[in-house]
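Below, chain A partners chain B and then partners chain C, in two separate complexes.
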Partner chain A sequence: MSLKLVWRFLLSHPVRSILTCGSIVVAVFLLCVLRTTVVALGSSIEAAAANRLVVQSSVSLFVPLPLSYQPKIEQVDGIEHVIKWTWFGGYYKDPQNFFAQFAVDAAATMEVYPEMEITEGSYDAFLASRQGALIGRDLAEKYEWSVGDRVPIIGTIYPRADGGAWEFDVEAIYDSRNPAFGEQTLLFHHTYFEEVLKAEQGPEALAAGVYIMRIEPGTEPTTVMAAVDALFESGPQRVQTTTEAEFNRQFVTMFGGIPTFLSWIGGSVLFAILLAAINTMLMAGRERTRILGVMKAMGFGSGSVFALFVVEAVVLCGAGGLIGVAFAKLVETPIAVALSTMMPGFVLTTETILAGLAVAVGVGLVAALVPAIAASRLRPVEALRAEV
Partner chain B sequence: MALVPFKYTLRSLFVRRSATLLTVFGTGATVAVLAGVLSLNKGFEALFEAHGREDLVVFLRPGAQSEGESAFSDDRADILLKSLAEVATNASGAPLASAESFLAVRLRKTDGGETNVPIRGVQPATFAIRAGEIRIVEGRNFQPGSDEVIVGRPVSERIRDASVGDVLTLNTTPFRVVGIFEHDGPLDSEVWGDVERMRVALKRPVYNRVLAQLRPDAEVAALAARLEDDRQVPAKVQTEREYLRNQTGMLSGALQFLGFFLAVIMGTAAVFTGTNTMLSALASRVHEIGILLSTGFRPMAISLAFLLESLLLGLLGGVVGCLLALPLNGVETGTTNWQTFTEVAFAFRVTPDVLVRAVGFALILGLLGGTWPAVRAARLDPTDALRRR
Partner chain C sequence: MSEQALIRVRDVTKTYRRGGEELRVLEELSLEMQEGSFYALMGPSGSGKTTLLNLVGGLDRADSGEVWVGDDELNGMAGAELARWRADHVGFVFQGFNLIPVLTARENVELPLKLAPIGAKRRREQAEYALELVGLADRAKHRPSQLSGGQEQRVAIARALATDPLLLLADEPTGDLDRASADQILDLLQRLNGELSKTILMVTHDPAAAERAQTIVHLDKGRLGRLEHPAAAPTATTGS
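Presenting the complex of A and B:
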């Protein structure tokens, strides 16, 4: 009975209901997208593997480490694998087509990064191929590369002597089970990288960007970190060994004030939308003074009149929230693909969905309060006399 | 055609105080967000683009996107430094050109954590080229050939061991901080020292870029074209302004996209709210409109009055939005220059241009929000309207 009344009230001003619902849709959509962005910015820390450690130069992100460090690191107790991992920094045809490429020790890479799952081609073919490359699914789709293709990459940090491109043969494509380890990465052999550099620039050009280690189960990471750091305390390049989470954190903190700024925007959206909802409910309340008077005269109690407003607002805003979340879900994949080179991990979490819905319902409750209280206090005689 | 008096419009807004206030503040929040993003972008542009000089050229290795990626061996740098006719000379005939090294070095912040600070090694000619741009505000400049550095003012505040008299250790070499400098542009975020000492301490076998001041009559485009495929020293030549613009293109583009995205989405919500308010105004004024129509006002005039009212709502929202955004002016924030992975600090700049654009945006919101109600108002039938209470 009263639900039917709510429905009637909502339909009494269809345009207004639709517009109000529409602004809630927009707001919830925006809040979900902003929150997902903020979460994604930090996701590489959350999703980091606890058993991976990174050895980097303590001087600078841009200073590579000597190749001679690898056998020394391997001597440290508790380490399963040590692989070279060198940022290549190239692009495909145009600097706009930028994505991550790393030269790696291919043999142990799958052990260190078990979240990779080869879905096309084979890992063995990649291992066997001198110029072979292992690429992520998104990358393959974006540039329509498939197994067997030869891919030219222009090196900005490591240009070829003839000014041309490095060429890699796609041998395998991986899917990632870890949202923070994106599918827009190209991995190729460190041996091939060294081979070319040695021939074109001489042996002194050889180095590794960082070393990534997988530690044995049950090993205390801090012990390993201290032991590795101690190896190179007196140079030639001092190192700093950290967990993968710490390593990623240095990139995340680079976003600086951006997460705070996005949160502020979210706050403003919330504020604007709350005002809009209050506005609508006040209008509804004002217009209905006379009808409410009639209802009360017919015997509707204060409580049910109060509830009527609250339910109406919650239904209206809740519907807006649902549609808003649905829109956010709809754009999730396109945004994730567009951002994946800069910022992997754009995933609409359950938490964000619930937060979006909670905000919508909350806004409805608050907005209903003033007119609902006014309506419950309304004296039928005055209401019937009122001119609106 | 007789227009509905302006006073009527004003009073209508005043009579419906709560609806007016709620709409104005809702629009205001939307406008404030747009103004915030715009002023962030302004602050960013002011730091980078406004301080790039047209008479300076930056030489990079072909293909390099930033100086961190660029490299010149000693002999190649030497050719660029000494043999280019386009480069201006000082009073004694020496070219105003300087080879520089550049590395983003990991340093500890005063409030904990680490950040990447650009360390630039320069030759004495740099100070001749940048005469007047670089101001030593504390201590003195470093001695060429010595293990001394000078530090940009914001860096000295943010980074540990970066005040005058402190010792800053780079890899294993201690450098003494002897001065603090200021620069209105991005150089403010750097640490400077002698280029040869830097190369030794940081084990850098190469120079990263060459900076030169051009003669007033020199043609940058011709120089760039000539050096692009030069046999001896192939180089990418850009004016400093071009170089800095390329450095910030990505972030600037991201901010502009963010501003556009938010303006469209939040603007939609604001238009919905505005339409709601005006429709409700219309509904409660049907009787009045009937009177206006029957006293001879044309439907067009009524329609315009509604549109005007909505525009006024928008204008008020714009003003409120600007007032909300004004305190942002000068607030310092920081992010990273993704081309070099170094931290840049910059401030929101709420310029008149930002305010004008924000108010313009608010007026558009008002216009869009008022259109449909205005059309509805014009369509009312006078007798029918008069009958409604």
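Presenting the complex of A and C:
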């Protein structure tokens, strides 16, 4: 079997080859991006720390918990730290400038989230500043904020009484050691949050979104979870304590069936492209009936003509796969930046690249199968009589 | 039967089934052909000329009877074995030339040599030699679309010769050519037979083409008809 012949066959219909290859490029590109999205949605689950537990209301994530729960939780055996973690839900200047902000117990936050590494400013300065903020590197770069800047954030869930912005002073910038822990987050003091709310809305407005606990090494998480849940069994607000992985999983399911939906889109694209590739190879097979007859008359066996189609389809689809993966790699960073608020961890993994290439080659193999089998079974006498 | 006969066809019957109907193309045909001779097969359409050519070339199998070429009985060979036999023993020339349009003349001639256990350099040399034999060495890099019909057929003959086969089988090789080109092809076939002692079996409707052969074998309704020796060549055919 001649590779030169395969190459010449591909070049003999350049438009058809380019269109088929192009369709594979689009399919593999979409599959890579969609799979990366699905993986990114799930990466927070995989990246969850085994020693972090989350206490939330058993009613809903959106129902806050009383501040009085914290000292009671701290009494449970096996817990190193408990911090408040409250979703703020504001924006910077324009609602489009949305990113994650949390009011936190600053003192223990670094202990609970050691994946943060302060690379500018200092953590002590953050702790010492009443309105201090600790921000991620991507956030700092996106809005060109630096240490010492005062940042106005408009509260949507917690608007200021005068309609103005909450003001935070950037005291430190962190880099994340874990891609699933995003760098587009702003953390500020829960004490400042409570101070303002109490002054403007009264003490009844004070609450915490969730409590996050770091447990001691060797402690059985299920024991701690059961103990915390039992504390508030009789109210006033029952709680549900989960591992961080489970909490993240629940958060991902808030996106509804998006992962499933994306998988369906990917599957449908793949199926459509497979049909297109099969059609191309069938056309190629029909056109070459007489050539195949001549080759068989020369003594080329069934295996050789079978291989001719398989190699041609795999070369065509494989090239499309390579280009598709290259395009996906090209847009990886822009997409990752665009989605970093919602979906940190948008990284084109080696597995995704290999899956994209495998799909391309697989489509080629399947598309080649029908014409290759037909060609290998073709009787030379019939092939030489063919009117093509 | 003569021991010297290269091709021995014995009591061969071949039937095709088309649209539920059986069409008997060869009827207990027996025939011998000598090595190094040039034969023309003539007869009306449907007389079984091409079918006989296909059987002798190992492209098709008889329903019954035996087809011997040298020491090989083709009817008993399996598909892969027959393909290998064709690669080693036969060169085909077709009416429509059947060159591969995406390859150059030299690449077309090289193609059957891919099945031979020789390296790329040797393949190239053999292909160039075959093109020289047919007088087209200067057209080696031309694609079939850049050649005239006569030149295409000469490339096809070079391709058939490239592996130095025992048998050259030509099915209406001048059928698509004008008279001048046809004469060139017939001259070439005669020269290959005369100078290289190639055994040639040519199917033709053209009496002028058949006149070039040493023996004309007439078939009629799948049976052997009369034999002619137009060129007063040594008698080489024995019908039975």
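Basically, the second predicted complex is superposed on the first by the 384 of 388 C-alpha atoms of A that agree within 3 Å, B and C clash if a C-alpha of one lies under 4 Å from a C-alpha of the other, contacts with A are read in each partner's own complex, and residues count from 1 in each chain.
Operating definition for what follows: a residue touches a chain if its C-beta (ideal position, glycine included) is under 8 Å from a C-beta of that chain, and two chains touch if they have at least 3 such contacts.
None of these values were measured; they are calculated from a predicted model.
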One more residue to check, A:199. First (chain B), second (chain C), both or neither? neither
Touching A:273, do we find chain B (first), chain C (second), both, or neither? first
Most chain A residues touched (candidates chain B, chain C): B
Kindly classify A:338 by the partners it touches after superposition: chain B alone (first), chain C alone (second), both, or neither? neither
Identify the partner contact of A:297: answer first if only chain B is touched, second if only chain C is, both if each is, neither if none is. second
So in the superposed three-chain picture, is A:354 touching just chain B, just chain C, both, or none of them (first/second/both/neither)? neither
Between chain B and chain C, whom does A:128 touch in the aligned arrangement: first, second, both, or neither? neither
For A:230 in the superposed arrangement: first (chain B), second (chain C), both or neither? neither
Examine A:159 and indicate which partner it touches, taking first as chain B and second as chain C; both and neither are also allowed. first
If you look only at chain B, which of its residues touch chain A in the complex? 18-19, 22-23, 25-27, 29-30, 32-33, 36-37, 40, 61-65, 68-69, 103-106, 113-116, 170-172, 202-203, 205, 262, 265-266, 268-270, 272-273, 275-277, 279-280, 283-284, 333-336, 338, 341, 343, 389
Contacts from chain C onto chain A in the complex sit at residues 54, 57, 59-60, 79-80, 83-88, 92, 94, 96, 98, 100-103, 107, 111-112, 114-115
Chain A residues within the chain B interface of the complex: 15-16, 19-20, 22-23, 26-27, 29-30, 57-63, 89, 95, 154-157, 159, 163, 204, 234-238, 240, 250, 253-258, 261, 264-265, 268-269, 271-273, 275-276, 278-280, 282-283, 286-287, 342, 387-388
Under the touch definition given earlier, write down the residues of chain A that touch chain C in their complex. 1-2, 4-5, 8-9, 11-12, 290-291, 293-302, 379-381, 384
